[in-house]
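So the structure is just underneath, and the comments pick up after that.
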C-alpha cells in the first residue's frame, strides 16, 4: 500500500462517526457544556456493547474450525501474559511511578479496548480488507489475563485478599457479559443470531457513537491530569502501543492469520482497557492513582491509536505478512 | 412430526438468544455477579415490549377480516374466564394455599406471558410454520380477564375497594400500552407501520434478550423461595400449563385456526403473566405472598414452557388438528 | 392537488404512529394512568433525536452544492430574525401579555419544532413528494436566532446578564448536539453515515413515537392551563402558524426550493420549539410564565400543525410554486 | 440560621421508601393527608420483610415530603393502617429547617 | 459517636430540589459560596408553586451538600436572591455528624 | 410523635456516597456490621478528594441505612479502615424517628 492510500485510510478512520463523536465530547467539555448521558443509560450502553461483542465473537467462534483458531488462541494468551510484564518493566525505566501504579498501568495495557477494536473493524470493513471472524473471540480472551497479571505484579503472589479480588474481577459484570455473550453466540449460532442481528449487529456502530461522545467528555475532564503526567508517561503512552502492536501483528502472522486478522491482534495488544480494567484496578489496587492510568490510556493512547495507530498496524501487518 | 423433528425444534427454542440470556441471568446470580439493568432502562424496556406487541397486534387485526377473527376472539374470552377458575380449583386440591393466595395464582395463570408468547413466535418462524397474524390481538385480549377473575375469586364480588382496584388494573400502564398500541397499530395499518418497523419490529427479539437477562436474574434470586414451595405447588406449576395449553389448542382448533395459531393460543393459555399480573395482584391482594406466585410462574412454569412446553403445544396442535 | 387528495394526505399524517402516540399520551393523562418514560431515558431520547437530526442535516449539507443552499440559508436567517419580531408585535395586539411573556413566546415561535419537522418529512415521504435533503440543515440554522431575538426583545439590549445567558443558550446541550451532529454528518459524509444509519436513521421514527407518547402526557397535564389562556392567545396559537408558515413557504419558493422543500421551510417557521427554547427561556427569563408558552406551543400550535397545518403548508407551497 | 427576610421555620421531613407499584397510591395518600409537595426518586433496596418482588416492578420509589407535625402524624397513621401491614415500606422522619414556611403548612 | 482517630464533627446538610435546567447554575453557586463537594441525583416532584414544566426539561435535580454553617447561610442567601423568587426550588437544612471534618470546611 | 400502637423509636440514618464500583462491597460490609436493610440510588458527585473516575464506572452510589447506634459505629469503623483512606467516599449520620423499631435493631 502506498503512502497516499494509507493517508486516505487514516482519514476514513478519523472521519468515522464514533471518532468524531469522541472529538465532539472533548469540544463539549472545552465549551463547558452541560451534556451528560444519564448514568442509567451509560451503564445500559456499556452492558449492550459487551454483550454484543461477546455474541458476535461466539457466533464467529462456532464457524471457525478448531484447527484455524488453535494457534491464534495460543498467541493471544502468550501476548496477554507478556505485554503487561513488558509494560511494567518499561514504566520502571521511563517513569518514577511506584510498584502499585505500574501494576495498575500494566493491567490497563495488558487488557484491551473494545472501542479501539471496533474502530479497527469499521476501518477494515470500510477498506474492504478481509479478516477472520473469530477476532472477537480473541478480544474476549485477551480481556482478562492482562488484568490478572497486572494485579499480581502490583501486589505480589502473596498479596492479602488477592483471592477475593480475583473473584470480583473474573466474576465481575464485564467478564460475565463478554463470556456469557460468547456462550450465547456459540450456542445460538448463525441461525439464532439472525434474529437479534438488527439489535446487536446493525445498531452497534451507532450505539458506540453515543458511548464515545460520553467517553470524549470523560477524557476532556481528565485533560488537566495530562499536564501533571511527566514526559516519561507521555513517551510510554505513545511508544508502548507501537511496540505491543508490533508484537501482536507478529504473533498473529506467525499463528497463520490473514493480514487483516494480524492487524486486529496488533490493535488488541496496542490498546488499553477502559471498561473492565479501571473497575478491577479500582477494587484491587485502591492506592493506585486513577488519574494517571486514565490520562495515559484514555487521554493519550486511545486517541493515538484511533488516529495514528490503526493505519500503522495495518502497514505493519502488510509488511510482516510479505516477509 | 416425528420425534427427531420435535427434538430438533426443542433445541432451536432452547438455543434462541432470549432463552440463553435467561439462563445467563440465572448463572449470574449463582456466581453472585453484580449485574443489573438499571431500573430506568428496565422500565423503559418493558414499556417498549408492551407497546411493540400491541402495535403489531393492531396492524394484524386490521388485516384480518371480522369473519376470521370472531370465533378465535370468543374462544379466547371463554378461556380467559375459565382458566383462572380451573387454576383456583386445582390449587385447592393440590396445595394448602388459602383463598387469597389461590386467587393471586389464578390471576397470574389466567393472564398470559408476553415473553413466552414471543418465544413461541420466534420458534414458529424459525420452523417455518404458518400462523395467523392476529394472535398478537388475542394476547392483548387474554391479558386482562384472567386478572379480574382471579381478583374476584380471592375477594368475592363484595370485596371492599374492588372498584378502585379494577380501575388501577384496567387503566394501569400495562393495559394502556397494550390496548393503546393495538389502537395505534390498527389505525396506522401496514402503511404507517413500515416506518416504525425497524424500531418496534426488527429490534424486538434483541430487546427481549436484554430483558430476559434481567428476568433470569430476578428468577435466580427467587430460587430459594422454590425450596419452600410444597410438592403440590411444583406439580401444579408443571401440570397446569399442560392442561391449560391443551384447552387453548383445542379452543383454537375449534375456532378454525391453523395449526400454528392453535399452538400459540395454547401457549397463551399455558403461560403465566409476570408483567401485568404481579403489579395488579400486589395492589389488590397485598396479603398474597408474591414469593409463591413468582416462584411458581417465573421459577417453574416459565422455564418449563420455554424448554418443554412450546414444542409440546405444537405437537398437541398437530395431533388435534389432524383429528 | 384536489381536496380529496389533500384530505387523504391529512389522514396519512393523522394516523402516523408518532401522532397517534401523542394522542395516546393525552388519553393516558385523561384516564389518570401512571405512565412515565423514566427521566434518564427521556433525556437520552432527546439527545438521540437532536444528534440524529444534526447528523442527517450534515450529510445532506455535504451533498448540496454551495450554490444550491446559499439562498435558502439566507431566507432562513431572515425568517429566523423576522418571525419572532412579528410574533412579539402580534401578541401585543391580541393579548394583554407583558413584555417578558411576549419575549418568551417570541423565542418559542421564532425557534422551531424538531417533531413537527419530522412529521412533515414523514408526511412528504409517505406522499412521495420530493424535497431537498439539506432541509435538516435549515432546521439547525433556524433553531437559534429566534431564541436570541426573543430574549433580546424581552430584556432589551442592555439587559443585565444577557451575555452569560446567551452563552448558556449557544453552548447549551441542544445547540451543541445539533451543531455537533451537523459537523459529524458533514465530515463523515454518506460513506461514514451508512454505518450508523441503522441507529440514527432507521430507528428515528420509532424513537420519536416513544418520545411523543411522553410529550402527549406532558401536554395532557398542561391542558388545564389552556383554560386560563385568554381568547387572544388561542387566536394567536392558530393564526400565527398560518402566517409564519406562509412566510416560510414564500421565502423557500423565492430562494428557489422545490415544492416539498418550500413546504418544509413553512413548517419550520410555523412550528414552535419545545426542546431548546423552553430551557433557554427558563434560564434567561425566569419571570415569564411557562404555563402560557407551553399551553400555546405544545397544547395548541403543535397539534394544530400536526393535524391541519402540515397539509395546508403543502397546499400553500403548491399554490405559490405554480404562480 | 436566624430569621431573615424569609420566614424560616422547622418542619418534618418524612422519607418513605416503598415498592414502586405503590407510587401513585402513596402520593395520593400524602396529598389527601395535607402535604403540599413531594420529591420522588428511584431506588433499590433490601429490608427485613423484603418480599423480593420490587425487582419485577422496576425497583423501589423513594418519596420525601416536608410537612407540619400534624400532617406527618396523619401520614404515619395512613401508613400504619394501609401500608405497613402488607407492603414493603420503610419510613422515617426528622426535623429540618426551611425558608418560606408558608409553603409547607 | 465519640471522637475517634478521625476528627468527627457536625456540619449542615443542605438539600436543594430544583428544575433540572438549573443544575449547572446551582452547582456553580454552591461552589462559589464555598462548598467543597456535593451529590446530585435525579428526581420528580410536585410543589405549591409548581410550574409544571420540569417534565419537559427531564424532571428535577436533587442536590445535597455538606457545608459549614457560614457556607450554608451564604447559599441560602443566594437561593433567596436568585432562585426562590423565580424558579421551582425547595431547600431544607439539618445537622449531620461526619468524620474527617476537614473535608467540609 | 408520641408512642402509638407501633413501637416508635429513634435510630441513626447513615448515608454513604461512594464510587459505584464499590456498591457490592459496601453493601456486604453494611450487612456484616449488622444492618438489616438499606436503600440504594444512583448519584453523581464532586468532592475534595475527587478522583475523577466515577464517570467511567457509571457515577456514584448513594446508600442509606437505618441502624442502631452500635451498628452505625461498627460501619463507621469499617469505613475508616477500608474505604476512607483509598476511595472516593463521603458519609454522614443523623437521628431519625421510625415506627416498628424492631425492624431496625
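Each chain gets a letter, A, B, C, D, E and F, in the order it is written, and its residues are counted from 1.
Keep in mind that, in the parts below, a residue touches a chain if its C-beta (ideal position, glycine included) is under 8 Å from a C-beta of that chain, and two chains touch if they have at least 3 such contacts.
Source: prediction; values computed, not measured.
Common neighbours of chain A and chain B, listed by label, are C, F.
Steps from chain C to chain D, taking the shortest chain of touch contacts, total 1.
Here the repeat of C-E among B-F, C-D or A-F is A-F, since over half of its contact pairs match by residue number.
Across the assembly, the mean Cα position most removed from that of chain A is the one of D.
Between chain C and chain F, the centres computed from C-alpha atoms are 46 Å apart. Mean C-alpha position of chain A lies 41 Å from that of chain C.
One inter-chain figure worth recording: chain D and chain E are separated by 19 Å, centre to centre, where each centre is the mean of the chain's CA atoms. In this assembly, the C-alpha centroid of chain B lies 35 Å from the C-alpha centroid of chain D. Among all residues of chain B, those that touch two or more other chains are 34, 38-41, 43, 198, 202-203. Residue positions of chain D touching 2 or more other chains: 24, 41-42, 44, 94. Listed by chain label, the pairs that touch are A-B, A-C, A-E, A-F, B-C, B-D, B-F, C-D, C-E, D-E, D-F, E-F. By the touch criterion given at the top, residues 38-41, 43-44, 47-48, 51, 55, 171-173, 176-177, 180, 183-184, 187-189, 191-193, 195-196, 198-200, 202-203 of chain A touch chain B in their complex. Partner chain B is touched in their complex by these residues of chain D: 19-22, 24-25, 42, 44, 51-53, 55-59, 85-87. Across the complex, chain E meets chain D through its residues 15, 17, 41-50, 60, 62, 69, 72-73, 76-77, 79-80, 84, 90-94. The residues of chain D lying in touch with chain E in their complex are 1, 4-6, 11, 13, 27, 36-42, 66, 94-100, 103. Those residues of chain B whose C-beta lies close enough to touch chain F in the complex are 34, 38.
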